[in-house]
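Only one structure is covered here, and it is reproduced in the block below.
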Amino acid sequence: MNSIAQYFSDLFKGLSSLWAGMRITGKYFFSPGAIVTQQYPENRKTLKMEERFKGEVIMPHDENNQHACTGCGICEMNCPNGSIEILTDRVANAEGKLERVIDKHIYHLSMCTFCELCIKTCPSDALAWGQEFEHAVFDRSKLTKVLNQPGSKLRKEAK
Amino acid sequence: MSEEIIKDVIVGEHEDYIINMGPQHPSTHGVLRLEVCLKGETVKYLVPHVGYIHRGIEKMCEANTYQQIIHLTDRMDYLSAHMNNEAVCMIVEDAMQVEVPERVKYIRTILDELNRIASHQLWWCAFGMDLGALTSFFYGLRDREHILDIFEESFGSRLLHSFVCPGGLMHDVHPNFQKRTKEFVKYFKTKLPEYDQLLTGNIIFQNRAIGIGHMSRETAIGFGVTGPSGRGSNFSCDVRKIAPYGAYDKVQFNEILEPGCDVFARYKVRMAEMWESLSIIEQLIDNIPEGDYTAKMKPIIKLPAGEYFRRVETARGELAVYVVSDGNKSPYRMKFRTPNFSNLFVMNEIASGYKIADLIAISGSLDLVIPDIDR
Amino acid sequence: MLNKEELSEIIRKYVPEAVFPEGTQLLEVIVPSEQYLSLAEKLKSDPALAFDYLITQTAVDFTTKFTVVCHLDSVKFRHMLVLKSELTDRDNPAIDSLSGLYPTAEFFEREIFDLFGIRFNNHPNMKRLFLEDDYGYPLRKDFRDEINIIER
Amino acid sequence: MSSNIYDFSTLTGSIHSWLSGMMSSGLVIFTEMVLVGLVFLLMYALLGLFLVYLERKVCAIMQNRVGPNRVGKWGLLQTIADLIKLLLKELIPIRKSDPLLFNLAPFIVIICSFLAMAALPYAKGLQAIDFNIGVFYVMAVSSLSVVGILLAGWSSNSKYSLIGAMRSGAQIVSYELSVGLSLLAIVVFSGSMQLSEIIGSQANGWWIFKGHIPAIISFVIFLIASTAEINRGPFDLAEAESELTAGFHTEYSGIKFAFFFLAEYMNMFIVAALGATVFLGGWMPFHVGNWEGFNQIMDYIPSVVWFFSKTFFIILIIMWFKWTFPRLRIDQLLTLEWKYLLPISLFNIVLIAFIVLMGWHF
């Protein structure tokens, strides 16, 4: 007799536990609530990434097309993957002294692991994070970027 | 593994029904290959084959500076990236005898626990999916999204955030961090009971989990199974209690131990750990002291010659880092004792004799992350 | 829980020629490779020591010698010990396997064999773990791979 | 029976007489068969596609997701796009498979579900064949599909497929009993196996209301057992994608895979329709005792709508099961059948026989 009671209590316990689970899914079925999915290509206009978002490394230029990179090579040295290459040049400045300027600051996005060491170690704060994240391209060579804009110059600090 | 089985495998004189689970299989959670020998539906033995994503992180460490190593450790156990980073940072701080500011310790501990919750959430949804309850997968991911949003706001990345650096943090946390974390704790406290109703109490789930994959305490210690998997076998192995680091000595929390030794015990440990982590976060989040976010460090870190060892509790168990330094700016030898490495190889011991469906439950309950095994 | 001095005293009783380096973070003991296994057995079976949990086992290549390093922990007492043994034979290094004592050592030793080429005697399944059979031993300091490893 | 329910036999009858006026009687029968076949083919495809869409949308809402929403309004054309994709995909021949059985299996599965469609009453007077053993016929035909599944698993020469097929065989053979016994309960109540007569006997109330508690018990058993019989979650052990990748149809691609896929959804429709017909009155409107006004209003809703709404109600319940529960293990699956469902339904049959004998039902 006891075993029969056990049989039926097992049955009803089992059924009620199943019902508890069905209540949860049923609740969401009838009140879908907040769907967190982002409608990505449609919301491109309004989509705003976080201010610290690590999309890619960029070199900010001001309105006079000037940047802060002195070409010291510390970022190149600190990069663990060799994704930064700096080609420097020497030009004579107004006083006739040879001065080092960057020719090309090459950034291989395809090799970057977003460790932030180049930005962190840059002594003149010439690098920053860009919020661009749509990096899909058909050709891998397009991921090699030159960070300094053509014709840009080193920003001279007002002395 | 006994002698005759090995002979069996090598010689190939078996009449057994061998199936290869993986490297591409929906439930191996990565490129793990399990060579499973079946008798009917019952597992006779299994041989794990690893190395499909061996990247030689230990070799790479020998060529990198300590700052550069940190971002490599992200890629080992990517679900507890923050704890991996912290282990390397702490070993550097130990060796350099740098005193880390209190604020850093508090923030690191909060991030540890947030990361632990995120990892357990992902485990919960993947475990539900292994057992065929697909809905749990989406509920878990939905709630994990809140943590990842907090991470993204502060670190700029969601999964592999090399946010810790030797001596402190890369930046101070975002001004919204406290507010959003508190919001999350409040939100998640309403969602955790739903998890219990959906899976924990479910009779089908309990039948699938109770009494399956028996791992005795001796087996757990012998195979070095740590973390929630080990604590499900009543093996007290929580490094946060044994050797407190960060702010763990300032908070009240329990080490969750379950004597069940089966899949359900390991499940319960993880569910209870999520509550425990929430309580740790609640204790710390309002008391973050003001101060610097990093201690003063030299730009080039050279560890004094010697050997250093440090243990950290990740979401999956005990991560131990062993460094041999010869005084240079990169380590002479760096060894990571990753929790999943030991946790994986207990599979043959605890899955033999159970059904093939139980094998999935067992491998799910061990919560394996394959890159952590291969390194 | 025993402190460093007490531990080293007991170990010295078992292995008189054991060397204890000074100024280390944890207690370290260096034993000859012949006594490595017998000391490990005693460390595990002695109820006063009870080193029953092998945290990790690894090796270091010091170019002149290999050092096999085992980090041992006692679940009961929570004291730790670093057991080391040095192998000077570079061409054919071999040492006893701990897999009979600690099941987890079987796989740590396979990893060491894979990456350093140190053979373990009486190991049940001495095969490479990660790499293919003809890869070489990458964690040896004299390992060179021109194709896959780019040196800067 | 109220007379103002539209009888489709007037429509079919007029088509028949129109055709008879144009051609000989043999040709008429042939034309009618072709017409009916075309209608069923079209309905099969459309229903299958709609069910796939419904499944995806329902599970998406339950899981707090959006679901298909790109192709067409609310993603309505998504399944058609999927179908086109499957049609265009390569049929991969497996080198070491048994080619005849391998190619035959999907057709067996789909033909079995097709055959069962013929005997279902979709509305008043809208039924292709009204067998006098209709319940038996539908059950027998729909359980034949296990042959196709076993063939698929065996001939693929893949280990996962074989395990899946064997599981499926054990599962369908055992659960067939419970489905049969739970349907037998209503056969005992109505005293007929003919589907039209079973519906006719529910004019004054559906069997689930008239049959006291035993009818409810057999309805619940029918739901559980039929879910198992059509290999759906939580009983989808034959496919069990987290264990066996895709079970018996691991090696199939393109349209052959689509056949298995469609057949699975149509089997769900068939058992739901059978359950709606037997337990919930089929196309019979909802009538309450002698509330004449209420019954009149109910009669204005077309019988087709009644049939499909009841069927989709059961389909929704079956989907609700799938998206809530974890999968059972094979031994637990058999335990559930032999230890719980079968004894209960046997006892239930005895109880019903007793009730009918004493004339206690309404």
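We call the chains A, B, C and D, going by the order they appear; numbering starts again at 1 in every chain.
FYI, a contact is a pair of C-beta atoms (placed from the backbone, for glycine too) under 8 Å apart; a residue touches a chain by one contact, two chains touch by 3 or more.
Here the structure is a predicted model, which is why all the values come from computation and not from measurement.
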- Query: When A-D is set beside A-B, which has more C-beta pairs in contact?
  - Reply: A-B
- Note on the structure: dist(centroid_CA(chain A), centroid_CA(chain C)) in Å evaluates to 42
- Cα centre of chain A to Cα centre of chain D, whole Å, reads 51
- Task: Could you tell me the distance, in whole angstrom, between the mean C-alpha positions of chain B and chain C?
- Result: 25
- Among the residues of chain C, which ones contact at least 2 other chains? 152
- Got the chain D residues that touch at least 2 other chains? 62-65, 323-325
- Query: chain B: which residues touch two or more other chains?
  - Reply: 135, 142, 198-199, 202, 204
- For each chain, which other chains does it touch, given as pairs? A-B, A-D, B-C, B-D
- Task: Sort out for me which residues of chain A touch chain B in the complex.
- Result: 13-15, 17-18, 20-21, 23-25, 36, 50, 52-54, 78, 80, 113-117, 120-121, 129
- Note which residues of chain C are touching chain B in the complex, please. 23-26, 28, 52-56, 58, 60-61, 69, 71, 75, 78, 82, 102-104, 106-107, 111, 115, 124-125, 129-131, 138-139, 149, 151-152
- Complex interface listing, chain B residues touching chain D: 17, 19, 25-27, 41, 128-135, 137-139, 142, 198-199, 202, 204-205, 207-208, 355-358, 360
- Message: Can you tell me which positions in chain B touch chain C when the two form their complex?
- Response: 1, 3, 6, 50-51, 54, 56, 58-59, 63, 94, 219, 221-224, 235-237, 242, 306-309, 311, 318, 320, 322, 324, 332-333, 335, 337, 341-342, 345-346, 349, 374
- Task: Using the touch rule from the top, collect the residues of chain B that touch chain A in their complex.
- Result: 64-65, 67-68, 70-72, 135, 142, 145, 152-157, 160, 162, 165, 170-171, 174, 194, 197-199, 201-204, 206, 299
